[in-house]
Amino acid sequence: REPFALIAGPCQLESLPHARMLAERLLEACAPTGTKLIFKASYDKANRTSLSGKRGLGMETGLEILGRIREEFGCPVLTDVHDEGQCAPAAEVCDVLQIPAFLCRQTDLLLAAGETGRAINIKKGQFLAPWDMANVAAKVASTGNESILLCERGTSFGYNTLVSDFRALPIMAETGWPVVFDATHSVQQPGGQGGASGGQREFVAPLARAACAVGVSALFIETHEDPDNAPSDGPNMVPIDRMSTLIGELRALDDLTKASADNRG
Amino acid sequence: REPFALIAGPCQLESLPHARMLAERLLEACAPTGTKLIFKASYDKANRTSLSGKRGLGMETGLEILGRIREEFGCPVLTDVHDEGQCAPAAEVCDVLQIPAFLCRQTDLLLAAGETGRAINIKKGQFLAPWDMANVAAKVASTGNESILLCERGTSFGYNTLVSDFRALPIMAETGWPVVFDATHSVQQPGGQGGASGGQREFVAPLARAACAVGVSALFIETHEDPDNAPSDGPNMVPIDRMSTLIGELRALDDLTKASADNRG
Amino acid sequence: REPFALIAGPCQLESLPHARMLAERLLEACAPTGTKLIFKASYDKANRTSLSGKRGLGMETGLEILGRIREEFGCPVLTDVHDEGQCAPAAEVCDVLQIPAFLCRQTDLLLAAGETGRAINIKKGQFLAPWDMANVAAKVASTGNESILLCERGTSFGYNTLVSDFRALPIMAETGWPVVFDATHSVQQPGGQGGASGGQREFVAPLARAACAVGVSALFIETHEDPDNAPSDGPNMVPIDRMSTLIGELRALDDLTKASADNRG
Amino acid sequence: REPFALIAGPCQLESLPHARMLAERLLEACAPTGTKLIFKASYDKANRTSLSGKRGLGMETGLEILGRIREEFGCPVLTDVHDEGQCAPAAEVCDVLQIPAFLCRQTDLLLAAGETGRAINIKKGQFLAPWDMANVAAKVASTGNESILLCERGTSFGYNTLVSDFRALPIMAETGWPVVFDATHSVQQPGGQGGASGGQREFVAPLARAACAVGVSALFIETHEDPDNAPSDGPNMVPIDRMSTLIGELRALDDLTKASADNRG
């Protein structure tokens, strides 16, 4: 049982210097525990609550920045793809392609992503049960791609609210694919601010701790130097200056959980 | 207040003769009450539960069939689109383009659909609140398209289950756009059969009745001559030979509801 | 198929003159359609959101008032009971005893109520599925009492929100017991005002209409001459001066629905 | 920050020798970590799914057994009370009185329990939000009783299913009262077996681990030597022979969590 990998970065790319700064600070935060970082950022927010939400830098610029981060820092990078045509270009640059939750049932997208041969992180739809993800993963696996991650990011619970069902982690793990917990979007309040989604940043740490105690292969946490002024998902991003302590605490829980599991055999 | 329009047809296109037969029988079922029919069928099921589910005839063949139905029977036709590129070709043939529920937040798809100038029926995501649809409709309206329909089709309620919240109809109507109730997908049990969605056909009629009593501009009901052997959504399609009685009963409720509303002023 | 009975009255008893005034006005509102009224009022609100909520007049005074209403107006009366000891005294006065939703699984209360021989209206707990009510009714029926009503009043849906699942009406009807729809508590927002429950009065009429179109044996609607200043459940009570029109509209739907059902055989 | 207390025992009392055996084995399981045990057992299951479910030994016999356990083993004991009249007799024997979830809004029961001066463990209703518990606790606190525990035990999530929202633990902790996580009833499937509740024993350990990582004052876990043949809640009880390992693992997580919190200050 390996320690968790950390998928982290800003919700959306803002510029190369900004991505560089966050990558550098994340790597510093990961260094003391030797935590493996996968740098995450989006070049397009394709499903904003309202039309006035900022979309991002676009694919071309975005992939260029991600390529530079990968090269300069030597860390793997992840981005999300939104239609079949984006999969091949994104795969030229990125180590991991991510399927957005709303799109996790779109067969052609899953197949196109799978065919790139890159690792595919599939967010579980807010409208799906954990056991439904076996069929979703099978679509990707049908391409011969065996690098699949299944990611819990909250389930619809009444209106404008998500709940994290931690039974989902062991249930999805039964598929054999590594399981990720997205502590950022699990505390989202979809549409909760009228024209934008709200969020409850204060619950990122407790839910990430819970995930470590249950057992995960990776954690997904978005971060920003000034979340309240970030172009998207500000209410649920963790300030970058708290990441170091948070990673340390999570790694201690992760180590303990995996040692217990090893003892149980 | 106009009587409801009926959006009806098979879940997926099977062949021209099959579509013809259903269109003919639906028009017969609508005739006694003078109910306006919009013939509905999908050329591609892009988000099947599992990879083994039948996808359909494809866009080219499908649109050809829909064009023939439109021409032969003189009734408007509706189909669903799954990415920006499908909007223009579908709009050449169809009077109404439909945005699938899972895709109702994809900005580019909404804009491309809106730009065709065709009427756009937006299914409300299972993960959205009724008031969230105002922002969704505004994306389409930003293109200058003012032919928008908002369609309730069930909301996530625990796992593998949807619930129909009838408050959603008046709430969505406050946007000013006509409201549709999809009685077929509201009784779907997503993923409820493991590798396919289940459904509860026996509740289509009661829920459609409830919708008429609350007040709707259109009803959406899928139908088939042999639902249990249909390639998709069989468990929640109504047998075609029951449509005539059903439409008659629904129209009586619709007339009464709209007369009461007129009396209230 | 009989027309629906109307269970109506104030949430809580305030005084004999107040109860008299509401009974008189309700009977007037029922008269044009010949709708059967069961006058409803509580002598104790035993489970207020907070301690500062008004409890009511108490059992002794309350039953005395209900007895007077019954005698003066010749209409059956209903009240809710909260422990075994209240059942016998309440049954001396009331034609129907009601089991509150939170208490619908308390075996001893159900048995004590059943043993009075009075009709028992069991509110379905917000935490129960419609099919769970068969076991609940069986507890009452075990006493030999065969006058049982099952009442839908909303199901937990996220926090501080209820949803009305209209599938519950035919599902509960399969037990063979008459089914009631409580349009007042179905639009409650439990705890939604911090120290008190909120409510959405504007949805009482649409949901009651939906219930009539699906098919019910009785409707439950609380009313008050000045709901905004009522001691409890004000946000979801219907002003008494709107009851006459509402009852007329609901009866028209009810008649139509039952005629359709008769036609179907 | 003290280590968690463990509230544990069988769902229902079966006999003095049986209670003795479980108390003894639980104390042995707690000893290595010095975990404080509160022995829990019910003398009456007052709200079984169906009438045929076993109710238990009754108050008199039950309290006698609990008194013996308390005396023989010197550990505090807890039982649940179901109406006002049970509070005083139960308080003569028990250190902690527990308010069942369905009854957590019954004002008179809360007041009667509070007035005994004993510690009161209030189960959060499946139909309540975590912030609703402040008003519930205030009812008990109004009696001058300041020994209050708030217990999370799962929230309604669709039909026959509960979900554990771990945000509830810090939210309830903001009241200032200690928070308990009931890992046994959180994995209950209410009514899930038709005439009885089902359960998912395999999730007791992961959810209890999650609770420790988030932070709790006490854990509630029911146990039995042969859960599959226990008279109630068998599907979600942990076999007694697994408790020792489980407690050890949970204590390691608890120690780590509380040390981290101390570091944060």
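For clarity, chains are labelled A, B, C and D in written order, and residue numbers in each chain start from 1.
The rule is simple: a residue touches a chain if its C-beta (ideal position, glycine included) is under 8 Å from a C-beta of that chain, and two chains touch if they have at least 3 such contacts.
From a predicted model like this one, the values you see are computed outputs, not experimental measurements.
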Original post:
So which chains count as neighbours of both chain A and chain C?
Top reply: B, D
Original post:
Of all chains present, which has the mean Cα position farthest from that of chain A?
Top reply: C
Original post:
To lay chain A over its twin chain D by CA atoms, how big a turn is needed, in degrees to the nearest 5?
Top reply: 180
Subject >> Inter-centroid spacing, chain D versus chain A (mean Cα positions, whole Å) >> reply: 36
Subject >> Distance from chain D to chain B - Cα centre to Cα centre, in angstrom >> reply: 48
**OP:** Averaging only over C-alpha atoms, locate the centres of chain C and chain D and give their separation in whole Å.
**Re:** 34
**OP:** Could you list which residues of chain D touch at least two other chains?
**Re:** 155, 157, 159
Original post:
Contact residues on chain D for chain C in the complex?
Top reply: 46-51, 55, 82-84, 102-103, 105-108, 125-132, 135, 138-139, 142, 155-156, 159-160, 190-191, 195
Original post:
In their complex, what parts of chain C are in touch with chain B?
Top reply: 155, 157, 163-167, 169-170, 187, 200, 202-203, 206-207, 209-215, 245, 249, 252-253, 256-257, 260, 264
Subject >> Contacting residues of chain D [partner chain B, same complex] >> reply: 157-159, 161
